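Next come two complexes built around chain A: one with chain B, the other with chain C.
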Partner chain A sequence: MSGYFADVAALARKDLLLELRARDTLPAMLLFVSAALVIFHFALPSGTGELAGLGLLWVAIVFTALLGLSRAFVAEREHGVLDGLVLAPSDRSAIWLGKSLAALTFLALAEIIALPLFALFFSGIDAGTVAAVALADVGICAVGVFVAAMSIATRARELLLPVIFLPLAIPVIVGGVGASVTDSPGRYFAFLALYDALFATICWASFEYVVTE
Partner chain B sequence: MLLGAAIAMIGFYVPLDQDGLNQMIFYFHVPIAVTAYACFGWGAWKGFLHLWKQKPGADLESYVAIHQGVIFAALTLVTGSIWGRYRWGQWWLWSSKQLVLFLVLFLFYAAYFMLRFSVEPGPRRANLSAVYAIFGVVLIPVSFLAIRLASDYIHPVAFDKHGPQMADSQFLTFCVSLAAMLSLFSALYRLELAGKRIDAHLRELRELLG
Partner chain C sequence: MIRARGLSMRYGAKRIFDKVELDVERGGFVLVTGPNGSGKTTLLRLVAGLVAPSAGEIAVDVDRGRLGFLAHEALVYRELTALENLDLYGRLYRVAERRERIGMLLERFDLWDARNERTASFSRGMLQRLALCRVLLHEPELVLLDEPFAGLDSEGAELLDRELAVRHGWATFLVATHEPEQLAPLATGRLAFR
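On to the complex of A and B.
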């Protein structure tokens, strides 16, 4: 089992190093989320209230994640790395887990900038929202990386990722917005945790079938 | 198989329609919705069999079941919308949780076709489709829960949509209608499956000849 986690760590490290050298994804995500927040300022007429802003924050998070996820397997595809990884003598689900951890890191870094920016532009953010964002990120990255792996196997490529991902992300939005706007966020946390656990399990169990023939 | 549908048609004339048209559409709407769930469940089960036992043909069966399921889901949306028009005076109400769930499912399963038809036929496509079908079955209860939770902060006032309690004759009609819809599904399922199999055989033959 320790070998499995070593594989996962190596794969995640590879992605982080690649990003550190090429700086492809993260700057784009940061610019995207900042621009989206500026757009929200103009999209919300005065008197809309801060609850609407909190709802839009979740839209921004999901779409920023989508932007990062659409790049998740591009390097692998262009250089045929995925075939090599599949042939490597390790469990295939390690590919998914490593990639999810890398995607989670990117998303978390983007949010470390985006959340204070949101607090600055709109309204303050309470601890409940931050906790909900952290919980939701896990689910978003787990499912998103899985769907990204599916979509690179198709002709439609990146086009398919949002089409499949958005219906799957509706429960995350519900849990996240619920936790941000209500006074008793407990059951929304529980729901997000349930979503994470459930979908992470089936992603982990069925990833092998996505990358092999 | 068509016999079941015929029985249902007779069944529609049996109960007293105290509520007029929307009572009648109820006998269509709910069985169609249940049938759509059955289709998706059956599709996921076949997908599961494909992945687990590599059962030949399970992929095609899974596809056909989901294809039927999407048709039934679209019908659910249409009949539900008509029902809402007569019951509440509006074509679309976000407070009707079942309908919202069907909208989510419809979007999700519509993407199934995009996925399936942008992959070359072969084991890859079969695997992806099967995994997607299993995802759908997990998404159904999760979305249902999500929509229930969401209604708490979107519509604080609960919308009680339970109509009058069903009398025996109404319940009987409902059951007959449900049976009719399920048999309609299984008939369509076999028909489409047979068609698709003949198609595949023809293609094989043509390749052998050509």
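On to the complex of A and C.
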């Protein structure tokens, strides 16, 4: 088992190093989420309630994640490196887990900018919303990386990722918005945690079939 | 080590090859020849387990971790250095004394001085040498080589000749090539696609 986690760590570290060198995903995510929140700020009529703003926060988070996920396998796709990873003797789910951890890091970094910006433009963020965002991030990255891996084998990869990912992200929006707007978010946290556990398990167990024919 | 019966491959309506029979004994050195598009690369990918056949059976008697595959691409990250790429593969393949082995291979393939350069700046020949380092890093029992001399200069080709000669007999080779005469002295068999 320690070997498995060593593989995951090596693969996640590689993705972080690639981003540190190329800097083509995180800056785009930061710019996108900032621009989206500024647009929402001016798009919403003055006097619109706090609830509408919280809904738009979740829209911004999901689409920012989608932007990052669309780049998740670019390095592997461009030079066929995925074949090299698939041929390695490590468990293939380690590729998914390593990539998910890297995607989670990028999304969390984007949110470190996005949440204060949201507080500046709309309303303060409570601890419940932050917890809901953290729970939602896990599910978004687990499912998103899985779908991104599926899409790289197709010609219509730019279409396939949003078309499959967005419907799968609807429960995250339901749970996230619910946890943000209610005074007792416990059941929404449980819903998000259940989503994370269920989909992470499915993705972990079936990733092997996504990267091999 | 490799046994294929009635192996057929199609991509959609296009037939790549049909009913191929192949036997490669342990320690064998089999050349796969044929014109472009005849299915040489596809056969190697089938043996590697990267694609599944449309029909027929293939059995490869080696663990995934004991297989080395040289593809058309070097299968390395362009934003990582040669050393970082080999280190990643060395970790995934659980190579014993990884750093020493990587250093030895980089020296042998004349890439030591370029070890800290990102591979995006490598020439085609340097990438092919690095790809050979990657393939040989874990001392594979089964080596699949797709046009191994592509991009190599005369010095690189000599290096490769030497490496193949050293491993001849104890590793098993399946080599797709347009230059079978260069490897003919080592060959124990040949599969010719038309």
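Methods note: the second predicted complex is superposed on the first by the 213 of 213 C-alpha atoms of A that agree within 3 Å, B and C clash if a C-alpha of one lies under 4 Å from a C-alpha of the other, contacts with A are read in each partner's own complex, and residues count from 1 in each chain.
Definition applied: contacts are C-beta pairs under 8 Å (C-beta built on N, C-alpha and C of every residue); 3 or more make two chains touch, one makes a residue touch a chain.
Worth saying up front: this structure is predicted, and the values here are computed from it rather than measured.
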Three-chain arrangement built on chain A, chain B and chain C clash or fit: fit
Go through the superposed model and pick first if A:T212 touches only chain B, second if only chain C, both, or neither. both
At the Cα centre of chain A, what angle separates the centres of chain B and chain C, to the nearest 10 degrees? 90
Applying the document's definition of touching, compare chain B and chain C: which contacts more of chain A? B
Name the contact category of A:L18: first (chain B only), second (chain C only), both, or neither. second
Which partner chains sit in contact with A:T48 here, chain B, chain C, both or neither? Use first/second/both/neither. neither
In the overlaid three-chain picture, which partner chain does A:A88 touch, first (chain B) or second (chain C), both, or neither? second
Quick check on the superposed pair: does A:G3 touch chain B, chain C, both, or neither? Answer first, second, both or neither. second
Three-chain overlay, closest Cα atoms of chain B and chain C, distance in Å: 6
What is the shared patch of chain A, the residues that chain B and chain C both contact? 212-213
In their complex, what parts of chain A are in touch with chain B? 150-151, 153-156, 160, 163-164, 166-168, 170-171, 174-175, 177-178, 181-182, 187-188, 191, 194-195, 198-199, 202, 206, 209-210, 212-213
Contacting residues of chain A [partner chain C, same complex]: 3, 6-7, 10-11, 14, 17-18, 21-22, 75, 78-81, 83-90, 212-213
Note: in the complex, chain C contacts chain A through residues 48-52, 63-65, 67, 69, 71-80, 84, 88-89, 91-94, 118, 134
Give every residue of chain B touching chain A within the complex, in rising order. 51, 104-105, 107-108, 111, 114-115, 118-119, 122-124, 127-128, 130-132, 134-135, 138-139, 142-143, 145-147, 149-150, 152-153
